[in-house]
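Below you'll find the structure I mean.
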Amino acid sequence: MRGMETTARLPEALHPGADNGFIWPIRVYYEDTDAGGIVFYANYLKFFERARTEWLRGCGIDQHRLAAETGALFVVRSTAVDYRSPARLDDVLTIVSRVERLGRASVDFAQAAWRGDALLASSHIRVACIEQNAMRPIPIPGDVHAALQRGAGKGPAAVSTAT
Amino acid sequence: MRGMETTARLPEALHPGADNGFIWPIRVYYEDTDAGGIVFYANYLKFFERARTEWLRGCGIDQHRLAAETGALFVVRSTAVDYRSPARLDDVLTIVSRVERLGRASVDFAQAAWRGDALLASSHIRVACIEQNAMRPIPIPGDVHAALQRGAGKGPAAVSTAT
Amino acid sequence: MRGMETTARLPEALHPGADNGFIWPIRVYYEDTDAGGIVFYANYLKFFERARTEWLRGCGIDQHRLAAETGALFVVRSTAVDYRSPARLDDVLTIVSRVERLGRASVDFAQAAWRGDALLASSHIRVACIEQNAMRPIPIPGDVHAALQRGAGKGPAAVSTAT
Amino acid sequence: MRGMETTARLPEALHPGADNGFIWPIRVYYEDTDAGGIVFYANYLKFFERARTEWLRGCGIDQHRLAAETGALFVVRSTAVDYRSPARLDDVLTIVSRVERLGRASVDFAQAAWRGDALLASSHIRVACIEQNAMRPIPIPGDVHAALQRGAGKGPAAVSTAT
């Protein structure tokens, strides 16, 4: 099952101390937990999305306005998450996010959730641009793409023009 | 990004008409949707879990009782989901689930969500057995493992004793 | 705090054995629970909504199609819920729903969640009809109102034409 | 349906500019919205709970530690919410919270969600103290009660010793 080991080499680049990741703190509330006494695994996708949204906002992109003005919507195409260690009620998590690849019509993110020095979960998430009525893939609008490129700010390794 | 293409060959084995998958229907309610007008992607993990839970129940395994009586808990170790096409309010989805590998301490599932003949999402999900107080991996209890093996019922290709 | 005692007299009319309530079963999954080991209280609103949706469907009303064809949307105006006893993982709940008042532009429901003979939660929920673009209250479309009236089917006590 | 109008006189006391309310900001993400394009009504209960949790934290009360050390758990006994106007993706809401009554074994909160000067939702929420194993009501532990009383800090009108 290949998808399971894809994040093995993530922790270094996504460590809270790394210099090129975007940091977003998340507090764990009752709503996030389940009867196992820990954060329900599906909720890490919400945490990762909040961090991506704030990263986009930091790039000057407001998704609600983007959709209203251009019809362009970012949708999640795939997610791969490894769960290492559980988070609990009242924990403060640090979400570290990094653009792995910026394509013409999609963006790949690597994201991780930490509690202090403990890696709790790591992920690869692909987000694609679609036209909201037809729900068809479209190129990321030019000014948005430029803003993402500035935000990713990581040189050619992180930014390509493929896909 | 390897995790992204792992489900490319899934559809055949996980087609609603395939003879060795477990079928569970899911109705889409408002709670499942988001402002994009479609099912929020993280919620497919809930749909897949409901189907795994019902498959376990069909194997004679009640997770609440299992935890209370043995301290054994099934937790999700990794998830990889590809999103192909959106589901909408009031849709009825068919979740097809299949055990890909039954290990000593974990189970790999392949699961897919369909609306009629349209594949909406497919996934690989690894579930591991832990002891609930220490949160440490443990072998799946013998009678539970035997029940899973009977439930998987697919011969050596699907069932191994590794991991 | 007046809102707190409004459901004191509900149990009789909303008992699973009562002859004029709509019955909908709900299974409790991990997604519904929290770290207290019980169903997260906000999730009863989801359970009640699923039951109302199925009651509407039983009246021949598909909300997705209704919105697409007429622009009419049912939205929740107010909720009052009393929590008596907790539900747990793997429980099967019975949701009993009853129209308390059918107005020109809104419907009041009384709803309760039971596990066998144990009342877990009871509620009053007001749903109003709005036009989805302007988000303004509108009268319930005539044929929909007639369908609701047939569905409520409880004589003048339950059905009025006020608001 | 009495529960429906109980919040009619709330706005004044719970206005963001009032001097005795606790203020907590909430950003709206995709996870909070539904296919109606607005925040799913049940999610206001999550917003209100986050604000109460932060208010408790400000009183020096960590619920996870409280449960671990004393077995005392705060659970929601009843909720009454009026929805006035919808919130949308990317909105920043202000949650205003105020203790209405501090009893021996329960606390009543009035809470409201605002977007700027617009009142979106208002609520009364009763929280009770229980012993987590037996799930039975118990008096709020003395030091916790004292901390709540200091936190409520509103004189005799807001704080009583009944119930």
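Think of it as A, B, C and D in the order they're written, each chain with its own count starting at 1.
Note that in this section a contact is a pair of C-beta atoms (placed from the backbone, for glycine too) under 8 Å apart; a residue touches a chain by one contact, two chains touch by 3 or more.
Not measured: the values here are computed from a predicted model.
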Copy pair chain A, chain D: interface residue numbering same or different (half cut): same
Chain at maximum distance from chain A, centres defined as averaged CA atoms: C
Result of counting contacting C-beta pairs for A-B and B-D, higher pair: A-B
Inter-centroid spacing, chain D versus chain B (mean Cα positions, whole Å): 36
Chain centre separation (chain A, chain D; CA means) in Å: 31
Whole-Å gap separating chain A and chain B, where each centre is the average of the chain's CA atoms: 23
Where chain C touches two or more other chains, by residue: 30-31, 35-38, 42, 46, 49, 64, 88-89
Chain-level touch network, classified as line, ring, star, complete or other: complete
List of chain C residues in touch with chain A within their complex: 30-31, 33-38, 40, 42, 88-89
Complex contact set, residues of chain A against chain B: 1-4, 6-7, 35-38, 41-43, 45-46, 49, 64, 73, 75-83, 86, 100-101, 108, 124, 126, 132, 135
Partner chain A, residues of chain D touching it in the complex: 27, 29-31, 46, 49-50, 53, 62-65, 88-90
